[in-house]
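In the two assemblies presented below, subunit A is common to both, partnered first by subunit B and then by subunit C.
Then we have the complex of A and B:
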């Protein structure tokens, strides 16, 4: 019996190794090509930093990268704040229409982005000019990113809120804490991990979002995914690999740092 | 102010901003697009427009839309199926066979690629699948006389790229539901004389079904509307309905037709959900 369990564990390890191979081989190949001197991705491999130097001089890609970071930060702040507020209302009050409001979070998740993105384009095209705004631009993209992130934030924070008993807050109130004090001294520390997880999710949603940005980006103003897509279609050079490698390195580092503070998937 | 009024004020204050935002970005745009889909001239053209069903009729009249749609649906099914085939055993191994620190590390390694850019991940497959790419090189090193291996711009390339992009979703959702199954349930089944396979089939698998279904939905919905992955990995050969809709909005600027096609796509998704709904409801996925 003991050996059987060992064999099963061994098989599980081998299988997981294969899955990881499948997940990482393309990413490593892509990163390796960023350091290869050939512009046509020819092998044998010759180490060269030329594509990173080219990248430093590529204003379009750098501007797109800056836009992406600004959008992701703005999206994280807005979506986390609005979403946490809504999640608090759902968990603290029971009121008529709550169920319907929670169901309304499903369309942004279950409707393909292509449909949402094009619908926003149509709607903004009809309404924004009368407000003196251009239908496409970073403001429109931000509107779209927050809309996609909000349901996830509400669900993630909400899950954390249902885990902690209301009686703790009531105890604080009985002991004379004002609602404000109760929130900052009791509730906030308890829901903080949920809020951080939601914020990370919101950041990733925005930074990774391509479809919505693609339809709402006017010519000349792009985000990183849109710029990479255009470059791939127009014919590309390993500069794309260089910037992709940087993106992956940065986002993975952020995840690893966060993982040091929060347990993912381990035993609770 | 009475406590009741205070409470109503608090609910409005807390949920108002989020739902106002969703109204402006999701619900009003969808209504606007529904209206747009029954117009006979594009909003971009400065001419008065009239009501018409022609855009929806075009879907059935033009012979190329049905094959496009069929391939989009197939692409969604194959991607979901392979994600399950590869992801479920991985989630099982992780939840039930690996313990302690190793589990945490492996789990992190599996979700990490998720936090890299989707476009970057798809793009990286072109380096692997094309002629002279990684697989081609590998095959030739082992079998020098082998024919050229070029998968880029084929249907399998599209599915491989999509599976790679969406696999972590399936592993995550299955892992969560497998992790929640109490080991003592399995021991009880075993002590009552059930074989390992029976334990899996009658106890573990049914209990993990909600994870499989929610993973499947999270994958199927975006894949059926995808246009970026098929364009990069499938070229012109793997044309999807999503690619056609994209072109109506960006190239040909026929917005009403694009809007009608978008709603047709949405209708297909809803029909598939409606078919699956009894299963979802019985398994309590929506609760």
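Then we have the complex of A and C:
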């Protein structure tokens, strides 16, 4: 029996290792090439920081990167705040049409981005000019990103709220806590891990977003994914690897730090 | 000294009346049980006293002050919820200290009060645990300590023992009563468990369909239920139907539909009236053999016997009705299914109830 379980465990470990290899080898190769001096990805590997220096001088990529970061941060703040409020409303109040509205959250997740992007572009062309706004620009991209990330935020925070019964808040009230005290001392700490996870989703949704940004960006304004796409079409250098390496390093650090603090919704 | 009064309370949800003209007084220091099936309005009444529900009509008075429009957090109540509703992210100490800390009490005073109350509920030493590290019974005690530490005027208990297993439940009933006596707080207890209500409460109110059926000490309600619902909900009752044959000397003779006669208190009966008598299973004696129906005496056949350790409950077929008969296992003989038997009881155990 014992050898049998050992074999099973061994196989499981090999399998897991293969899956991780499959996921990470391309990423590590990509990152390694950022430190290789050859512009044509030629081996043997020669350590060099030349592509990072080049990157520092590449205004287009830097500007696109700045745009992406600004958009992602703004989107995170707006979508997390609105989504958390909506999730609270869904779980704490009953009102006419609540179930229908909750169901309507799901389709946008499954509709292809291309379709949503086209729809938004058309809609913004109709409406924005009458508001005195240009139909394309960072503001339209931001609006698009918020609309895309909202369902994710509501679902993630909502999942946290379902195993947080209303009676916990009621108990705080019977103990003399004002609604304000109840929110900050009871509700907020309990849903915090869900809100942080939702914020990460919102950040990633915006930072990764290509299709909608591409459709809604006016000439001359780009985000990082759009700029990388454009560069790749024109023939590219390992600068792309350099900036991708930076992005991966930053996002992995954020993930690890959050996971360290919150154990991803596990702890109550 | 605190007394809670609810006067003429109505609450409707759509077309259903959750509370329908309920008036009740909970006197100082008593342990009062609200008992009824689900949907009877007991929880609605408790939540209206707590302030979670706005009444359509009626008043809630705490020591004479109308608190109907006072928000929950200023009502000065303690409440224990069915699922305890402990704060999962706080330690036992912080859970219990919460009510004091929102009142901006000094830290050393908070510590003194929390330690004292944790001693009362016998949880000293668990201050630093998180709720998920506690057993159900311990969580229950934390919830109780948290509700009592602010020294509220009234303690509201919403089926607080419902989630515990039978053994722990009985242990907590004793604890709950001890703590309530020591603190001397007016306590309103909601339960659908009639045995628990009888064990714990000084007085109970039986509720049904948003109204109060009967109020009184458990013994009185048990021995003198006013109608079929009260008799059937609190304990088990056999209902004997019949027609009053004669009334004399404060006694009514009732011809039973099942045969024979029963003698009960006259209770405003006139000859010819329809009557329903409730007889508790433990008041009925059971003997072997059939000697014909008589006064407070019926013949029947055993159709079932449920053995439960100290006692046995027989189902006895009499005419077209099945009666429950309860026998202590000290009795000289036991009966089997299909045994012919005679049932007999005394007149004082025929309780006339409203049909």
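As a working rule, the second predicted complex is superposed on the first by the 263 of 268 C-alpha atoms of A that agree within 3 Å, B and C clash if a C-alpha of one lies under 4 Å from a C-alpha of the other, contacts with A are read in each partner's own complex, and residues count from 1 in each chain.
Just so we're on the same page, a contact is a pair of C-beta atoms (placed from the backbone, for glycine too) under 8 Å apart; a residue touches a chain by one contact, two chains touch by 3 or more.
Remember, it's a predicted structure, so these values are computed and weren't measured experimentally.
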When subunit B and subunit C are modelled together on subunit A, clash or fit: fit
First (subunit B), second (subunit C), both or neither touched by A:190: second
Broader residue contact with subunit A after superposition on the shared chain, subunit B or subunit C: B
Contacts of A:165 with subunit B and subunit C, given as first, second, both or neither: second
Partner chain(s) touched by A:173 [first = subunit B, second = subunit C, both, neither]: second
Vertex subunit A, arms to subunit B and subunit C (CA centres, degrees, nearest 10): 90
Touching partner for A:181 - first (subunit B), second (subunit C), both, neither: second
Minimal inter-chain CA distance - subunit C and subunit B, angstrom: 7
Parts of subunit C lying in touch with subunit A, wherever the complex brings them together: 50-52, 71-79, 81-83, 85-89, 98-99, 102-103, 132, 143, 146-147, 150, 156
Touching residues on subunit B, where the partner in the complex is subunit A: 7-8, 10-11, 13-15, 17-19, 21-22, 24-30, 32-33, 36, 43, 86-87, 89-90, 92-94, 97-98, 103-104, 106-121, 123-128, 132-134, 137, 164, 167-168, 171, 175, 179, 217, 221-222, 224-228, 231-232, 242, 245-246, 249-250, 255, 258-259, 262-263, 265-266, 269, 273
Subunit A to subunit B touching residues, read off their complex: 8-9, 11-13, 15-16, 19-20, 22-27, 29-30, 33, 41-43, 82-83, 85-86, 88-90, 93, 95, 101, 104-105, 107-116, 118-127, 143-144, 146-147, 150, 154, 204, 207-208, 210-211, 214-215, 224-225, 228-229, 232-233, 240, 244, 247-248, 251-252, 254-256, 259, 263-266
Subunit C contact footprint on subunit A (complex, rising order): 164-165, 167-168, 170-179, 181-182, 185-186, 189-190, 268
